[in-house]
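You will see two complexes here that share chain A, one where it goes with chain B and one where it goes with chain C.
On to the complex of A and B.
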């Protein structure tokens, strides 16, 4: 039973990826075709989740939106990890001025609200999915700096690091050979948790009109477009909202499940 | 081989209240072929001393010389020579072996160091050397393909000893090499170290809080208390005629079986 969160998280994440991939070749209806006759239909056998105010099938729109959601999440988290993890490892291995500069800079970035960052970037570059991804990625960097720093500190206290130094191994080689493999699981868990935060952030930015234009279907954008019809029919807003909630839940479960699964102290219980 | 010259090591900000003086004006000569035991209770500075010898730490004041050259972080050449001939066995093999590496990789790690290879003083063929040292510590060749957690504590310490032997060192530093092990395997590991030191003509520096362990392996003894050397001399002399009151109390604390 202890693996239940991991399995549930994997199923939801896999479902999301599958929906995004399938949408590249097939969707039940054209996700961009405006059809005035089928406006705001309730869920039925023909349209499983109903249609929006333009008469577009919500299942099709949701599948295409999953692509943007995943892409934003992957790029933002990957970018943040690529920048943040080496900085965190460097700060954990070399105490002193370098470490202080990295950690203080990271704290300042952490204190800056992500939304403010997004508004600044949009003001400079215009609203787009790329701008939103950049803003989310930058806001996620300090999370990885902190996580990598703490994990590196605990690894550096172990004797096998001293053993490697006695063996004449240089600091960069120690980082690659000993630190990275041993902090990897912790970072994997963090990546999964950050992924769900990124999805939520992207939905929020889209809803505020700071991310995707109307031409790019994203779940947050779908909610924004549906809010005017909320009292006519709740479906067009409810469907993307639930999709966002499910995706966030899925990646949180995945992160928690991974943490439990990889924790060697819990191994005997498995 | 080693000259420890008026070495002081202070941890924490100097002159602040939290500063800890781990070593206080320690002077010590270690000659080739010595089997030196460093004894003292926990907090006496014995681990700090051996870490200075291993080049893992630097003194706050004074200097440590290896073969006449001053050890200095900024002098990679001397440090590489030190590492090629001075190897160390740590206290707890559960912590000193990387859990994500196979035994073969762990043992040959010193041989893959570019710095050590440049000294030209270490064996050049990792594969052959791996088989040799595994045999010397009494592990089967098949051990190379396994991970550390697949071995018992005593076997893991054998793996750590094999790694220390791999670059063919002249000096072996051992920091409490058996205190993390089951009592039942301590004697085996101590006998292994004794055999290796004898057959390979190693200089041994052994840190222990256990006088019986020191007596078993060492011919010279240094007694540390609060970071100072309170007594030093040949093991026989220190054990039969201890001079310092602290040494006497340490010896009196050793449990004896009735004759």
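On to the complex of A and C.
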């Protein structure tokens, strides 16, 4: 029972990855084939979740959409961590001008919401999955800077860091050997939380038409396209929405579960 | 450190952040690869036409000069001129301001009002089913994208039961009929934002109150004869308020972003809709203008939140945090 969130999160995340992987080799129907005869069908045995306005099977479309969701999430979070974590560690290890500049710049970036950043980028470069990923990644950097900075500060206060310094070990070596392993778990938890934020952001951008073109199936785009048919049938709009919510909930649970697993003392405070 | 110095430092930070933000906005929009004039005119434009447009809008000047000219305009309240319509950016923004402002002004207090009881229940009964339900509600509300909530509300109240309009906006004028229609058109968008925001706020209200519940002073108050609720109201509210105010400050940006999406769901002619239309048309001065305005709003409101901090928490007034 205590590990229920962790297990639930893992199951949902695994399901998402599995759906995306399977879609590479198999989907129940062709996810791109327009079929006028099967427009806006309700869920049935043949089409478990029904079909959209172009007669495309929603299960197939969802599976393919999961690929974009995962890809954007992984690339954005990984990119943000690769840039943000070293900056945060540097700011935590070396106080002074460098640390001030990094933290101040990170705060300024933090004041710019991901969506605004994406809108600016799209205005300059045009809408695409790459633009959306870049925007979400940049907007996530400050989160990792802050997290890594705070965690590094607490590690740097430990005695063995002083010992390492006295022993003449260089700062980069201390960072790699002592700081990174110590703050790793916290960053892992953060990555999971940021992943769900990224999924939500990607869905929002796709819904606003700022990410993938209509040709690439994404969950947000599916909802945008289905909204015109709400008065005919709400189904094609509701199904991708539920998929987004489930995925976000899954990675939130995974993050919370991981945190409890790594540090049971924090459970109360959550 | 007295309160004056604290406030002055905060104002300095505000100024630095604002200038930093304008720099980021300008850099992204103006110096990324791709010619603005070319993009505005399309691929079939003659080189002469492109050159003429570049000159007309001063795009042939160096980026530093363009940034300074833009900043000089901003200081005087001049947001520039639209590439597409040729009108001033502000004259395009003005009719949209009211829609977005109503949306946010009506939603934020309501979201707070809903989140406090949910968060309190989740904190007080955190080991029992009442708390689990409250936490579950807020977790679910956080996971659901705001446009999904909007669409579900449209399905329930416009498609299935025809109680409320599915989209559109009626401006608020003097007449009573308009006021009613204005209200009915805003009801679903505001409800959508409130659901999204209060779920998030409730989580912070919960952890704020859990922090308070485990504090020594609360136990002392109980020992001194205060009832559980009495102690909580007398000592807990103010302390929990500090963390709630923080979150409200952090949430302002998310709230505006939520408003942009909600405007799209319900086709409200607000700032967000104008912003997205301008992005589609690559009308960069309008995009820049609205973004600066939104960032300014976020920074100003978080400045106010920090000032509110000083009023709530006397410890900060003396400079000890």
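Everything that follows uses one rule, which is that the second predicted complex is superposed on the first by the 263 of 270 C-alpha atoms of A that agree within 3 Å, B and C clash if a C-alpha of one lies under 4 Å from a C-alpha of the other, contacts with A are read in each partner's own complex, and residues count from 1 in each chain.
Here is the rule we use: a residue touches a chain if its C-beta (ideal position, glycine included) is under 8 Å from a C-beta of that chain, and two chains touch if they have at least 3 such contacts.
None of these values were measured; they are calculated from a predicted model.
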Discussion item. I'd like to know which partner A:169 touches here: chain B for first, chain C for second, both or neither.
Written reply: first
Discussion item. According to the stated criteria, A:187 is in contact with first (chain B), second (chain C), both, or neither; which is it?
Written reply: neither
Discussion item. For A:248, using the defined touch cut-off, is the partner it touches chain B, chain C, both, or neither? Pick first, second, both or neither.
Written reply: second
Worksheet entry | Which partner, chain B or chain C, touches more chain A residues | C
Discussion item. Quick check for you: in the superposed arrangement, does A:116 touch first (chain B), second (chain C), both or neither?
Written reply: second
Worksheet entry | On chain A, the residue positions that both chain B and chain C contact, one per complex | none
Worksheet, complete the sentence: Residue set of chain B touching chain A in the complex reads 51, 54-56, 80, 83-84, 86-88, 90-92, 95-101, 109-110, 113-116, 160, 163, 167
Item to complete: Write out the stretch or stretches of chain C touching chain A in their complex.
Response: 16-17, 20-21, 24-25, 28-30, 32-34, 139-140, 142-148, 151-152, 154-155, 159, 166, 207, 210-211, 214, 253-254, 256-257, 260-261, 264-265, 275-276, 278-280, 282, 284, 287, 291, 294-295, 298-299, 302
Worksheet entry | chain A residues touching chain B - in the complex, by the definition given at the top | 158-160, 162-170, 177-178, 181-182
Worksheet entry | Contacting residues of chain A [partner chain C, same complex] | 104-105, 107-109, 111-117, 119-125, 196, 200, 203-204, 207-210, 220, 223, 227, 230-231, 234, 237-238, 241-242, 244-246, 248-249, 252-253, 268-270
